[in-house]
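Let me begin by handing over the structure; questions about it come next.
Chain lettering (A, B, C and D) follows the sequence in which the chains are written, and residue indices restart at 1 in each chain.
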Amino acid sequence: MAEGTVFVETVELAPEPPPSGPVQWIRENLAYSVSSTITTIVIGLVVFFGLRALIAWFLNPFRKWSAATANARLLMVQAYPDDQFIRVWISVGIVVVLAGLSAAAWRVAGKVSVGQVAKGLLSVGSGALVLALLAPGGLTGGRVIFGSVGLVIAGIGYMWKRARKSSVNEPVISTVALAGLALVLIGVFLWTVKLPVQEVFADGSKEVTNQLIARSTKLPWTVQLLVLAVSYLVGVAIRDSISSLRRILVGLWALSFPAILMVVMRAPDIEWDTVLSVDLPIFLAIGALVGVILYVIGAPDAGEWKYIVSAIWLVLAVLWVLFSWYLFDPASSSPFHFTSSAADVLKRLEFKFPLILGALFALAAPSFGGARAARLRYIGVWLGALVLLIMSFRLGAASSLLELSGTAFVGGLSLTFTLAIAAIVLSFPLGVLLALGRASTMPIVRMISTTYIELVRSVPLITWLYIGSNLLNLFLAGVVDIFSVVRAITAMTLFSAAYLAENVRGGLQSIPKGQYEAADAVGMSVVQKTVLITLPQALKAVIPALVGQVISLFKDTSLVSIIGLFDLLYIARNVIPGQSANIGSILELTVVAAAIYWIFTFTFSRSSMRLERRLGLGTR
Amino acid sequence: MTDQAIIDCRGVKKWFGDFQALRGVDLEVTKGEVVVIIGPSGSGKSTFIRCINRLEVHQEGQIFVDGIELTNDVRNIEAIRKDVGMVFQSFNLFPHLTIMQNITLAPIWVKKQSKSEAEAYGRELLERVGIPEQADKYPGQLSGGQQQRVAIARALAMKPQIMLFDEPTSALDPEMVKEVLDAMKELAKEGMTMIVVTHEMGFAREVADRVLFFDYGQLVEAGTPEHFFTNPQHDRTKLFLSQIL
Amino acid sequence: MTTAIQRPTRPPFYRDVTVLKWVFQIVFLIGIVTVFWLLGSFSIANLAKQNLAVSWDFMARPVGFQVAEGFTTLPESGFQALLVGITNMLRVTISGILAATILGVIIGVSRLSHNWLVNKLATVYIETIRNIPLLVQIVFWGIVVSIIPDIVVDETSDGSLKSLFGLRLLPEGWIFASPKGFAMPWLVPTDGRWQWVGFMIVGAVAALYAYRWRIRLQEAGTAEARAFLWSGGVLVAFAIVGTFAHPVMGIFGPVFGFVAAFFQNTPIIIFQIVLAGLAVGGAYYIIKKRLDELRTPAGLGKLTDDDWFRLAMAAVVASGLALFFLLQSGPVKAIVGQGTIFGQEIGLSQLFTGLESRFSFVSGAPFDFSLPAIDGRFNNYAADAGHVITRAYFALWIGVVLYTAAFIGEAVRAGVLAVPKGQTEAGFAVGLRRSQLLRMIVLPQAFRIILPPVGNQYLNLAKNTSLGIAVAYPDIVQVGQTIFNQTGQTIPIVISWMAWYSFVSLTLSAIVNRWNKKLKLVER
Amino acid sequence: MNKIQRILSVLVVLGVFATACTADDTAPTTPDDTTQTDPGTTDTTIAGGSTDPTTPVAGQTGGATLDEVRARGVLKCGVSGSAVAFSETQSDGSMTGFDAEMCRAVAAAVLGDATKVEFAALTAAERFTALAAGEIDVLIRNTTWTQSRDTTLGLDFGPTTYYDGQGVMGKASDGFTADSTLADVDGAVLCTNAGTTTEKNISEGAAQAGATIVLSTVAEFPEAMEGFKAGSCDLVTTDASGLVGNMVTAIRDGSIQEGDWVVFPRAPISKEPLGPVYRQNDSQWADIVNWTVYATFIADEFGATSGNIDSLIGDADLNPELGRLFGVTDDELQSTMGLSADAFYQVISQVGNYDEIFTRTLNPVGIFRDGSYNAQWYDGGMIYAPPAR
């Protein structure tokens, strides 16, 4: 055709924005059909009245929130002495520094678009506004301020969102800048927001006044925030020059937990003359002897006798520990040799455990030895492990310089964390071993592992905690006293190991058979196959499940309150309502405890999701 | 080179449950020989070569590799696996290790070579299979043909006397088959003793010293490629060849 | 080149893979046994120092404490107290599983809803509930129930929840809510219930047949099946007829009596032989099945050492059991009801005697409809009217239900999302509505993916009922704890706990596995 | 080469064991000196050793708790940590209350310093195990002295420091008065915490009085109080001291008026003598704990307080009994018990006498001595110490 039809005069370059605006949004998301409209209205009413009741309950002047704010420290660390509190801050500081450095080393900094920020502002602001409007009662000052701040934030967000539509290239903001802003805001809150604090008088009466949040802690927290910022910047500065920064950080994280325990709970009294007269000789003698043996049997041309020697060695060492420890004690009238504390047991074993460790190293020597350099490296690892072992014995057996009033252990949220971390760290090797045992071709080993895993998993944790708190004492009273927290950790470790084993087994099963065959075909030993091929793949595959388990273990620590450990829940539920000033505050404190748990668990699960996504990207 | 058999199988039998996979296989392979095994799927060819490095355990009969009998003896198994390299149908590269790590893993940990020594040889091998530039990548970043060539390099890194190939090209796209076969031909030229399970008749014709035909767990027919492809004796062989050629 | 096949040379034992493997395992086993032996001897010695010895006597003795709720609140013996704990645990578990499933599906579907409000509400629910320890939630609900008037402003004086926003929901006096718990109408079972249950078992069989019959009809193409409707109808019909006709089942009374007498009067040696025979027969069956699976033309010589181990284990366990039954008449007597176990006569004979008495002719309805009532000057719920949900029960129940439902909701959502998008599109393409699509296309397919995690959640729920101890709900853990606080018999109580929970876990996982298998078959 | 290596390594392994074994043999392994067993331990204990193999396990002879405490330098005292007015953990983590003061008194006697106490907060369930296993030296945790506990647990009970009795608290609006009896509770929902003797007492008591009650148990007593306030419990029962404490606090809070709640019956449902508990068969330690308690009684009896004790002992005509007790005169008996002569002087001057302790800790929650069993014997109460001579 000669004359075509022209539909548009000029070609639009910029696309039309999709229909938007509040009305459109409601039409699409709340009222897209008759039934959805009805649902929205009904649910909306329920939410409206529910929220209103909830807010009313929270703001009710009869609520004893001051019981929580006044006892904030009790909830965090139970009875930690005032003059030693700097230790707690140092511990927090260690974590903060490591967190800052890690954030830099793993390059968590990302970009977020202005649109997303605007959207966030809009929803936070309107949320605050809605809450302020929903609150029953008149327009009192606090509510008006709260509501108007919300309105302003929402307004900024909305304007920003509208504004960005005109620009083609969406601007981005660094998440680090946002995080910095958040830190500044937290700092400002620390110095300005007032919360109820109670003063208790001699006759038992009390007065509640609003005071600055955490009068005594605002300065330390501000310092911590600064430390966080500084350590991040330091991390950014050094991450390119130190190539193994990530590996070093992983090691530091691993060491930080025992280090913090030592700092906070023990302040170990290291007797240097003992270290020089005992530890050093033990280290030199055993280290050198075993080193020589490892050098000899790690040689590539050593025969099978190397296994036999190591096996006999291991059996002898284990028997020696068992028999000298319990049974063949000529001086004891009963077969049970009593030692009064774990520290004493540690002292008694300081010489014997290195021998067991040495035997284990000797058993693995043929797998990891080899050329001269490899053998020397292996001996280096052995010496490092020996140092750690002897150090932990020395530090564990040393008496504490720290005098703690109240119970001898940190309680509250710190205990919750201690339990969770200790249990997950300790259960990890056990769980991996159990998983390998269950996947093993050896029927007796498989049977024992399977029985253990199934039995432990079928019985609830609380019964294991009872077993820990009652039976463990019964089993071992007269041999070694186990501190109640350690008993709980033992029970949780044994419990969590079974679940961990099942997770790891899932990972093991996900490894294709070809991987085993390939490893076999190049002549790897069982140990090599497991350590070099199987476990790295299996563990990587189960990281999400493991993180999930950490989260549930964190929640499960609350069960120790039933066996009377002073964790967060126990303090909230028993100790604080047991103060004569705070009788009747149990519901408030339970809510506070729930909120604390929620904050941590929610943060964990969100970050684990992010981790999963990152890992998913990183595999290929 | 002597006529001494480097692989000597006598009456090898193997069952999976009540399914008999091998029904008494007798075979001798001399040093430097390239043996190609063909046969319909399920005929036991893979099982057979997997018995040679004891990935499968034969139940009756005897297998000698380089004069060592395959038994439950730990020492013998160790020794034989160092001597026998294997390339799998599905590559079986270790996905969590780089190409170089894949190749040097066994020399370092099993042969106890030093790392620098192993890496030097590893680079040489990569050169030989034609992918020197991929050393620091991960298996997942390579094409199938490249992966299989890495697998060959990995097997060669142990300096084996014998190489086993279990259908090395059947998981590959057609255009990648050639690069793998070229690498194998190169190897054969260098005088490596090879046992190859494959459906690549061209390869068999060109490279093999001997072609074996397996069916129902038995060695049905053996012969030189010319004899085999031009004048097969057994009816089963004829039928099979007529179907695939 | 024909070389004769020789016998394979045997490697020296210290290099033989098989020998090494077994030596390692035996050393390992000895190590484990030693550790347990040590622990055992320590605990016995330590108990002796406390003038205690492990004993199950408390099972037969009066306990001297009151259980807060259960089929009896004044148990006569430790055994009965534990039994109360068990039934209480089952009450929460079963009703909790039902409620959590319903709520979980609602939550899961809401999470997928296009309605922003519904979607967000479900998300908030899940994120709140999942991230707070269950124990904290149970404690919270326990406190909340005890202070209801603080929260709900009750307009009526008697605590009866009659209306919402002025709207009458239920007839007056049907549901009560007060800090003392909740009360609702209930079908209170009477003596006739056993016969009625017997009647319903027959009805269930009939319903099953009806179901199959309808399916057959449909397959024959003669009629639309409505198989569920039919079988349900049959069941309802039986329930209604049974309400009046249940005394018919009384004829089973004498039968049960005869069985009871048989167990009571047959010489015990017969049962011993039968049980020993069963053990041997079972082992024979297992071994034979295994051998049949492994049979090779070359005979048994081709068994791996693993197989040998299994067979030997089966044989050893079976002969051990057989010997035990033959030599020990006590346990056998207890099983058939000629002796006592934990001082209780609870054998088969007693079971059938009980059934006999319950099936003898009784007239009247099997259930009474009963409305809750309030009496006394303290305005308590009358004990024998309606059904009262106590504070502890409610706190535990609502805790585990809300908690489990959050996880079930996530499982449902994941399962639905796992159904390929093409299915949804195809469903829309043939003109299904969204709800129909969900019900008829998506959920049935998602079910297969959902079942394993949900089964796991059921198990968790069953185990989590043990947290009732935090609100003093008398389940087996709480009752057991009270017993060992009084008697010091920790070890027997712990063994009872383990036995019971293992039993529950095994049963539940067996049921879930069966379902799983069934679904897989359907798939083919 | 191979052979030489083999022999060498076997020799080395055996050598290690040989040296190790000799090291082990030469180390003293006497049971009362376990701290020295292995090379590498320093002898930090004083004579007698800190860890007699038999001590902390109940049912054996010995007298080493004192030495153990001395060696440790701190007294481990088991308390509740959440019992209003008896042992409260304060917001700064310190322990206050009647039981905590008694712990301090023992520490003052043994170590001369009332602050050298390590409080172990224990639940009802674990308290006896903790004591038997040696986790604590003495248990002062509102624990009722009963025959069964005394005879079966391998523990002994010291003198009663507080005579408590189980009471019931009801609301005046339900018609209860201080004169109500158990017969009046018929038909009520009665709340208490599970797993204690209170539960048993009330069911037995109500049954005897012919009243049927609905017993509703909670896990922790504060929850029972919440229920009582809200109405889910018509009555609550526990030791009268706890009831009064809760009532007074509620009155002070303004949540109830004086007289809204009443505690009854006049004669308690049960006798609940509370006092220190220690391991059986360590009579030296038993004497120390008992006489520390008695010292506070006697000081109260003769009017010696922390305020006036210094002027008292300087006084020439000091009561001879007090003189002996405070180690002023030569015929003091504390040294015989293994304590320093001024042990009880330290108790009174640092902690105070019984009346001071009582007034300081229990008066604020509304518990007073006058007219109760906890008055001195000459005031008609039951606080009565054997003479110090």
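Observations on the structure shown:
Here is the rule we go by: a residue touches a chain if its C-beta (ideal position, glycine included) is under 8 Å from a C-beta of that chain, and two chains touch if they have at least 3 such contacts.
The structure displayed is predicted, hence computed values, not measured ones.
Between A-D and A-C, more C-beta contact pairs join the chains of A-D.
Centroids built from CA atoms put subunit C at 34 Å from subunit A. Chain geometry summary: the mean Cα position of subunit B and that of subunit D are 79 Å apart. Averaged Cα coordinates give subunit B a centre that lies 55 Å from the centre of subunit C. For subunit B, residues touching at least two other chains, in rising order: 74-75. For subunit D, residues touching at least two other chains, in rising order: 57, 125, 132, 223, 226, 229. Multi-chain contact residues of subunit A (touching two or more other chains) are listed as 304, 334, 336, 470, 477-478, 573, 586-587.
Counting only pairs that meet the touch rule, the chains in contact are A-B, A-C, A-D, B-C, C-D. Interface residues of subunit B facing subunit C in the complex, by the touch rule stated above, are 5, 8, 10-11, 13, 15, 17-18, 20, 26, 28, 59-62, 69, 71-77.
Note for the complex: subunit A touches subunit C at residues 29-30, 32, 36, 39-40, 43-44, 47, 53, 57, 304, 308, 315, 318, 322, 326, 334-336, 441-445, 448, 454-455, 457-463, 466-467, 470-471, 474-479, 555-559, 561-562, 569, 573, 586-587, 590-591, 593-594, 597-598, 601-602, 605. Interface residues of subunit C facing subunit D in the complex, by the touch rule stated above, are 46, 49-51, 64-66, 68, 73, 139, 142-143, 145-150, 178-181, 375-378, 380, 383, 390-392, 469-472, 474, 478, 481-482, 485, 488.
Touching subunit B in their complex are the following residues of subunit A: 300, 304, 367-374, 512, 514-515, 517-525, 528, 532-533, 536-537, 540, 619-620.
Looking at the complex, you find that subunit D touches subunit C at residues 57-60, 124-125, 132, 152-154, 174-175, 187-189, 193-195, 199-200, 203, 214-219, 223, 226-227, 229-234.
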